[in-house]
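One chain, chain A, links the two complexes that follow: it is found with chain B in the first and with chain C in the second.
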Partner chain A sequence: MYKSLLSFSLLMLMHSASALAMPEVIITIRDHLFYPSEVMVPAGKKVKLIFVNQDNTPEELDSFELNREKVIFGNAKANVFIGPLDEGEYHFFGEYHPSSAVGKVIVVSPEVFNDVN
Partner chain B sequence: MISRSLVLFTISLVLASGLVKAEKHESSNNVVDKIYHPYVLPLEQEFEWRLMSRQNDEGNSLVQRVAFGHSINDRLTLEAYLVGDRDEGDDFGLVAYELEARWMITDQGKYYADWGALFELEKEHQEDQWEFTTGILVEKEFGRASITSNYLLVYEFGSTIENSFHSEFRLQYRYRFIPEIQPAIELYTAEDFVGLGPSFMGIHRFEGQKQVKWELGFIAGLNGDSKDHTLRVAIEYEF
Partner chain C sequence: MLINTVVLFLRDALPVFVLLSMLRVYAGTDWRYLLRGLGMGLCFSIVVVANQHTVSQWYQGAGYELLKCVTLIAAYLLAARMVIKKGKGFGLLATLIVAIFVVPRSADFSVFVVGFWFQKDALSPILFGTTLGLGICISVAILVDVLFSSLNKPGITRCAFALFIAGQVANVVLLLQQIDWLTDPGPLWNINDVIADESEYGHLLKVLLGYEAAPSSFYLLTLFSALLLPLIIRSVLLSRQRAPHSPSEYQI
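For the complex of A and B:
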């Protein structure tokens, strides 16, 4: 029983190291809009999206494609971890302002990502 | 890369499920229930209704739960339940109350898998019979699919029941096809019960945080009984 638990825990810890050295992207929420509204990230890597909400009211990020929901309180920031993702476009929106607060994550190959950056 | 992760994660779950098989416990008539995800959203409250109807060689048992839940912060949510079932005389009535706390331990997607914990305290109506459940909730995402597992340890105690421990293991493989339809396969195990079957879940959003989530599952018992299947339904309205 304890061997099973130990094996399971070690495996989880080994893979937790992958959270280190993660690319980061900052997205600002202002007047219920995302700036930038499109961000480019490399395929096959975990990425940390840092949402900085400059509005006084909260916003809730929602994306079925990214499988993420996250509340970002007013005048606060919140981290959203995504990936590893395949190449493509992944849309997200703010639940409180779905008509204006929209954006997308564009996932490109690591080569293209390095060329652009 | 995804397939390698899937294999590693599956091996981990199989190893960990040995914990459940190693435990000695008595029969659980309601092993098939909800499979919990390790996530909490602040500013969220919900009404929930669940139904579990099990048909086996001993007849039909019906359990329903209604609940109200409210998140306390971005890590912790509380939910209070009223539990009803149908007795031997075919009368349906209140049988228990339950308070549940779900704790999101890690941020979604930050580590290899997402971790949460569950704590439940249930008291039988008008009887000194209690049940405390605690467990670990683990979810791993593989592209559009995800595997969720619940490892639960249950302690029953009180003056009208023999104090005892038992454990349960629940596993769900879910494919996020479209928001409204997400097919899944679910596995439930306890000492004298193994159940496996398909389920479907979905979500429909209204404005703001208002949304309806639904789940429908049909779990067949693989115990050797000539008949053993459970229909489970859950509807949540979040606002």
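For the complex of A and C:
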């Protein structure tokens, strides 16, 4: 019983530790546009994208390439986890304003990512 | 705005219309039960929309995804029971399936409508787009109904129904990966060049079969388990019923 409790606690601790080390990127939605519209993330790592919607209307983040879909309410924020991803470009858009709200996640090698940051 | 409304309506409403058709053909459900379920689902979705902002903030912003997962799993379990054991009294079950299934989908579309309802020049494209989307959904639902009714092969209809519900519940994997409750092992392959997820065929196949151009191992495992489990359980139950009685049963 104690052994399983200990293993569970260790597992949770490891999960929390990995969550703490997870890179975070903040993307703001303003006037139905993403700022920044291009974000760079390291390959092979899980990344937390934090969307902050400063508009009064909701926006729905959609990406076929990232397989993500999330409503972000007006004047609210939402988290979306992506990855680990291979190097390349992954497009996303605002489902409610697909012509203006467009952006992409550029996945680069960890070395390039560290150099840039 | 017009095209956008049509696309969003199709994404959210098409699965509901296909479900209604499948339930009518497969389980022979009376329209009254289905419409009752639809009404109940729409009423529940009003409650969800009214509290959606609050719900979405639960569990560190994962609340709405979890609510969607719960509705998808609940609808799947009820539908799987229908696949396993066909019998009387499925009208109420069909009502429940539709009611649960409709909630997140109509809530998603309502966020869009409510969000833009009061914007200048948005009302007429929304109404026109909804009408167009409704027309397409009704056409597809009639096609599905006519196709499976004319086939008159209960086995094929059952498999199609099982595949449809499996495709819907497999979305739970994507939702859990989005909120970091499940690891994303990455895609096993990528056939976006053949049928892209964002294409018309991709959308239709996603609704009917749970198609993903770049599926992960978790997604495929969930899809096939959800498809095969009810069918296997049904076969086992049927073979047990058909098996000759053991001698001990005749000794009395």
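FYI, the second predicted complex is superposed on the first by the 97 of 117 C-alpha atoms of A that agree within 3 Å, B and C clash if a C-alpha of one lies under 4 Å from a C-alpha of the other, contacts with A are read in each partner's own complex, and residues count from 1 in each chain.
The definition used in the following text is that a residue touches a chain if its C-beta (ideal position, glycine included) is under 8 Å from a C-beta of that chain, and two chains touch if they have at least 3 such contacts.
Predicted, not measured: the structure shown is a model, and the values here were computed from it.
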Which superposed partner A:96 touches (first chain B, second chain C, both, neither): both
Partner chain in contact with A:83 - chain B first, chain C second, else both or neither: both
A:46 touches, of chain B and chain C: first, second, both or neither? both
Partner chain in contact with A:116 - chain B first, chain C second, else both or neither: neither
Partner chain in contact with A:64 - chain B first, chain C second, else both or neither: both
Intersection of the chain A residues that touch chain B with those that touch chain C: 19, 46, 58, 60, 64, 67-71, 73, 79-84, 86, 95-96, 98
Complex contacts: residues of chain C adjacent to chain A: 4, 8, 52-53, 56, 60-62, 64-65, 108, 111-112, 115-116, 119, 174, 177-180, 184, 186, 192, 196-198, 212-214
Interface residues, chain B side, partner chain A - complex: 1-2, 5, 8, 11-12, 15-16, 18-19, 22, 39, 41-43, 74, 107-113, 141, 143, 146, 176, 178-179, 205, 207-209
Residues of chain A that touch chain C when the two form their complex: 19, 46, 48, 57-58, 60, 64, 67-71, 73-74, 76-86, 95-96, 98
Chain B-touching residues of chain A, taken from the complex the two chains share: 1, 4-5, 7-8, 11-12, 14-16, 18-19, 44, 46, 58, 60, 62, 64, 67-71, 73, 79-84, 86, 95-96, 98
